[in-house]
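Next come two complexes, and both contain chain A; in the first it sits with chain B, in the second with chain C.
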Partner chain A sequence: MISLQAGIRNELLLMLYRRKTMIFFVVAAVLPILLAMSFHALQPVIGLVAASPSFPIQMLELYTLFMIPLFLFLAIADLFPQEVSARTMKLTLLRPITRFRAFAAKLLALGMAIAAMLVLLAIVSLLCHAAIGTSDGGSIDLIGYGKAYIAGFLSMWALSSLFVFFAQFFRSASGFLIFSIILYAVAKVFPFFVKGFSSFSLTSYTDWYLVWLSHSVSAGSLLTSTLFVISGMILFFSLGYLMFERKEV
Partner chain B sequence: MEPIVQVRDLSKEYRNKRGIRNIGLELRKGDIYGLLGPNGAGKTTLLKLMTGLIRPDRGAVSLFGHDIEQSFEPAMRRVGCMIESADFYDYVTASQYLKLVSNFYPELAKERIGEVLDYVGLSSFAQDKIRNYSTGMKQKLALAAAVLPNPELVLLDEPTNGLDIEGIVLFRELVKRLSEEHGITFLISSHMIHELEQMCNRIGILYNGTLVQEGQVAELLTGSPSLEQYYIEQLRKAKEGERQ
Partner chain C sequence: MKKKWLMTGGAIAVSGAVMLTTGLTAMAGTSGYEDYKSALKATQALKSVSIQADAVLQDNGNVLNNAHGQLKVSLPDRKMSGNVQVTGKGAQQSVDLFSGTTGEVWKTGGSDTYFVKQDKQEKQDGEQQDSTENGQSALMNKQAETVIDALVGNLKNYVSVNGQTDGSKQISLQLDNAQIPAVVQALAPLAFKHLSGEHDGQQGQNSATDQANPDKLFGKNLFNLKDIALTQDIQIQSVSLQATVNVHNQIERQQASISFTGKDAGGVSHTLTLNTDVHLSAFDQTIPDTIDLAGKKVQQVQEHQGHHNDSND
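Entry: the complex of A and B
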């Protein structure tokens, strides 16, 4: 367990040492403020509701659709193909840590980074609502937000396991980055042409939190979709590890 | 005395048919073993196999009695390595990097990082980003990282590459000091034959994936004026044997 803890700590520290991670987190914190201020400023002109009680959910939509996937692609590119091409993977693999733990540490660190980004987003968007929200009487459903953010976290972590698997095929970070952005865009558009695709694609679960906010969705349906997301995550984690374990560094 | 390193019948063939064949090797505590061989002989492959970076087609490696396939963590806990080139995360400083390494060894004293930086003469550059380091400085940092966890076995692949004369002398003194004071065992692959002759008590010569000669330096050099001449002679014999 010491090696796993050390592995996670090191991956998180390396993420923090990378300037782009810090820039991403600063943008993630500032963007809701800028949007809330824009909504506030535009309110008298076009009647937009400034930072309404659903503002944290609107932000969650924006983040789970664009910001967090983009952050994930960049982080995964650094964690896998970049380490192969820069020959830094051996710096970890020559230490007393098994390949399984080294791989798990990378995925757990990704999960923690996603959680940190979502917590930051939740705090900032709630503060925005408190500071410049309208007094339209809308109440804040903290439990609902909590459920939505946890569902958002799960779907993003599952998405990361899918792209970690794809990353094992690449030896170049830029190649992986281009591939993942194109694949993600295609996977987002595909359901418009092929019915039923979204039920079987982890990329279609970026707005899964909406299901958790709905009062009309049955418990059985929630359970089925939760099991699908978790089993997808386990499947791609296992496939990714299988390839990582065979990798010659 | 139980050997620290046991390599048994180790073979690995790459797609281009290169690799190593049926290597057997034993290292005992306090040995300084020099691995010699021309480019492409399989020195790095052997070191990668010994540290689990690549998998063998056949054979086994055990370090301190632990098979590296079965119990990797206990086997590697007492090993320090520097394999292939000195590659680093160039966006971190030397002390940040050594801190990352030390996280795998919770028993290490905090002062150890400063100590090893001192050993290799990088103390005044500890807070510099590694991207600003020269090749020689990176090599020294890799050496510092290898000895950081107070290992009992150190595997070094071309450790003097890129080092200036002062760096080479410093390296030789460090190896001797660690061996004499702490009884650390070294396996050093290098082309610096004169350095190896001064440091090593045992030598192995790899040619075309096969260990063609192996033994105590003093015994091997009986009848040869220098290790260099002995090495050239062994290579010539190996080439002739190959032709026949």
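Entry: the complex of A and C
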């Protein structure tokens, strides 16, 4: 257990020391403020609500669709292919830590980064609403929003396990980055042509948090979709681990 | 070593199986969304139907406009008849409509003049195209359905269905502010501004020309948003839809409601609600009324783009 903790600390520190992680977090924090301010300024022209009570959810939509996946691709590229090509993976594995724990530490660190980003987003968007928002259009349902954010976190973590699996095939960070962006775009467009694809694709669960905002969604479909996300996460975690285990570094 | 393989292998097998079954359940999904789609298709395939429709537009609970219509439609013989009444803030307006293969006839409530518009050529062309493009349009419809499914995404779980004892179904959908996709929400003010801006320009027209053009007559009355033009904080507050589907999978009744909130130029907040209620009956047994114009005051109306055809006939 201590080695796992040390592993997580190691990965988190590595992430923190990278400048792009910090830049990403700053952008993630500033973007909602910028959007709210520009909506506010453009109010007379387009008449859009600057920061309605649903602002945190509208921002969540934007983040689970673009920001967090992009951040994930960058972070995963650094965690796996980059470490292999820079030969720093060896240093990690020379420590008294099993491969499983090293692998798990990387995924847990990713999960923590996603959680941190979502918490940051929730705080910033709530502050935006408090500062320049209107109270028109209902109040903030904190419990509902909390559930939606947790669901958003789960789907993002499952998505990260999918891309960690694909990262095992790459030895160069830029190659993986390009591949993952293209794969994500294709997986997002595919359901427009093929019926039923979205039922089997983790990428179509980026807006899964929506299901948790309603009272009319049946418990059965909540259960099956939750099972799908969790089992997808376990499946790609295990497959990724199998590849990682046999990897020559 | 062996234990590790067993663990990972087991995890892969179990999670893979769970993923497959839950994916299949999601795909097969006997959800309200699928039920509604199939009912909509069955209703569209009807040959004739009688429609009763009501629409009410409210501002902060005060009725602004009220529309009531009765229509009888028969597709195979391209006939339609009906009556539409619109009660606006200023006045009431009603129109009787008859439409057949030869053209359209309408009369406004206040006068006894029947306006007649002859249809030529266009309809026959349409008929020929229908038969040749039938196969292609079926394919297009299927593709369009896939695209719509993809756009709807996880929102399709919002449609719930309640089976009744007599075999009919109640299908309902309720979307609140936070659940409406941001893109739709962003388009709402634009659509709103477009609607109110368009009709501001029409104020100068006199009613004599309006009578000859039923679209304008209603457009002016039903969507007169001038007094309640929202300029700020426009958003869709809620959308709801309720449909009753009978045993034969036909939609018997459909109620829809959408409400906007926003502020006008003076900073007063408004809640605009549009409620519609549509009843369908006499499935495949509707015979539209016809009108005998003999001995009645008739005025011919020419379509602007149809002028060049007149000399040929």
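Simple rule for what comes next: the second predicted complex is superposed on the first by the 247 of 249 C-alpha atoms of A that agree within 3 Å, B and C clash if a C-alpha of one lies under 4 Å from a C-alpha of the other, contacts with A are read in each partner's own complex, and residues count from 1 in each chain.
We take it that a contact is a pair of C-beta atoms (placed from the backbone, for glycine too) under 8 Å apart; a residue touches a chain by one contact, two chains touch by 3 or more.
These numbers were taken from a predicted model, which means no experiment stands behind them.
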{"item": "Winner by number of chain A residues touched, once chain B and chain C are compared", "value": "C"}
{"item": "Partner chain in contact with A:L235 - chain B first, chain C second, else both or neither", "value": "second"}
{"item": "Touched partner set for A:A41, first chain B, second chain C, both or neither", "value": "neither"}
{"item": "Chain B versus chain C as contact partner of A:V26, first or second or both or neither", "value": "neither"}
{"item": "Which superposed partner A:S3 touches (first chain B, second chain C, both, neither)", "value": "first"}
{"item": "Partner chain(s) touched by A:L16 [first = chain B, second = chain C, both, neither]", "value": "neither"}
{"item": "Contacts of A:V119 with chain B and chain C, given as first, second, both or neither", "value": "neither"}
{"item": "Which of chain B and chain C A:I182 touches, first, second, both or neither", "value": "neither"}
{"item": "Which of chain B and chain C A:V211 touches, first, second, both or neither", "value": "second"}
{"item": "Chain B-touching residues of chain A, taken from the complex the two chains share", "value": "2-3, 6, 9-10, 13-14, 17-19, 86-88, 90-91, 93-99, 246, 248-249"}
{"item": "Touching residues (chain side chain B, partner chain A) in the complex", "value": "48, 51-55, 72-74, 76-77, 81, 83-85, 87-89, 91-92, 96, 99-101, 103-106"}
{"item": "Chain A-touching residues of chain C, taken from the complex the two chains share", "value": "4, 8, 11-12, 14-16, 18-20, 22-27, 29, 31, 143, 145-147, 149-150, 153-155, 157-158, 160, 172-174, 176-182, 185-186, 189-190, 192-193, 230-235, 237, 261-263, 269"}
{"item": "Parts of chain A lying in touch with chain C, wherever the complex brings them together", "value": "43-44, 46-50, 52-54, 57-58, 61-62, 100, 134, 136-138, 141, 144-145, 191-196, 198-200, 204-205, 207-208, 210-211, 213-214, 216-218, 221, 224-225, 227-228, 231-232, 234-235, 237-239, 241-242"}
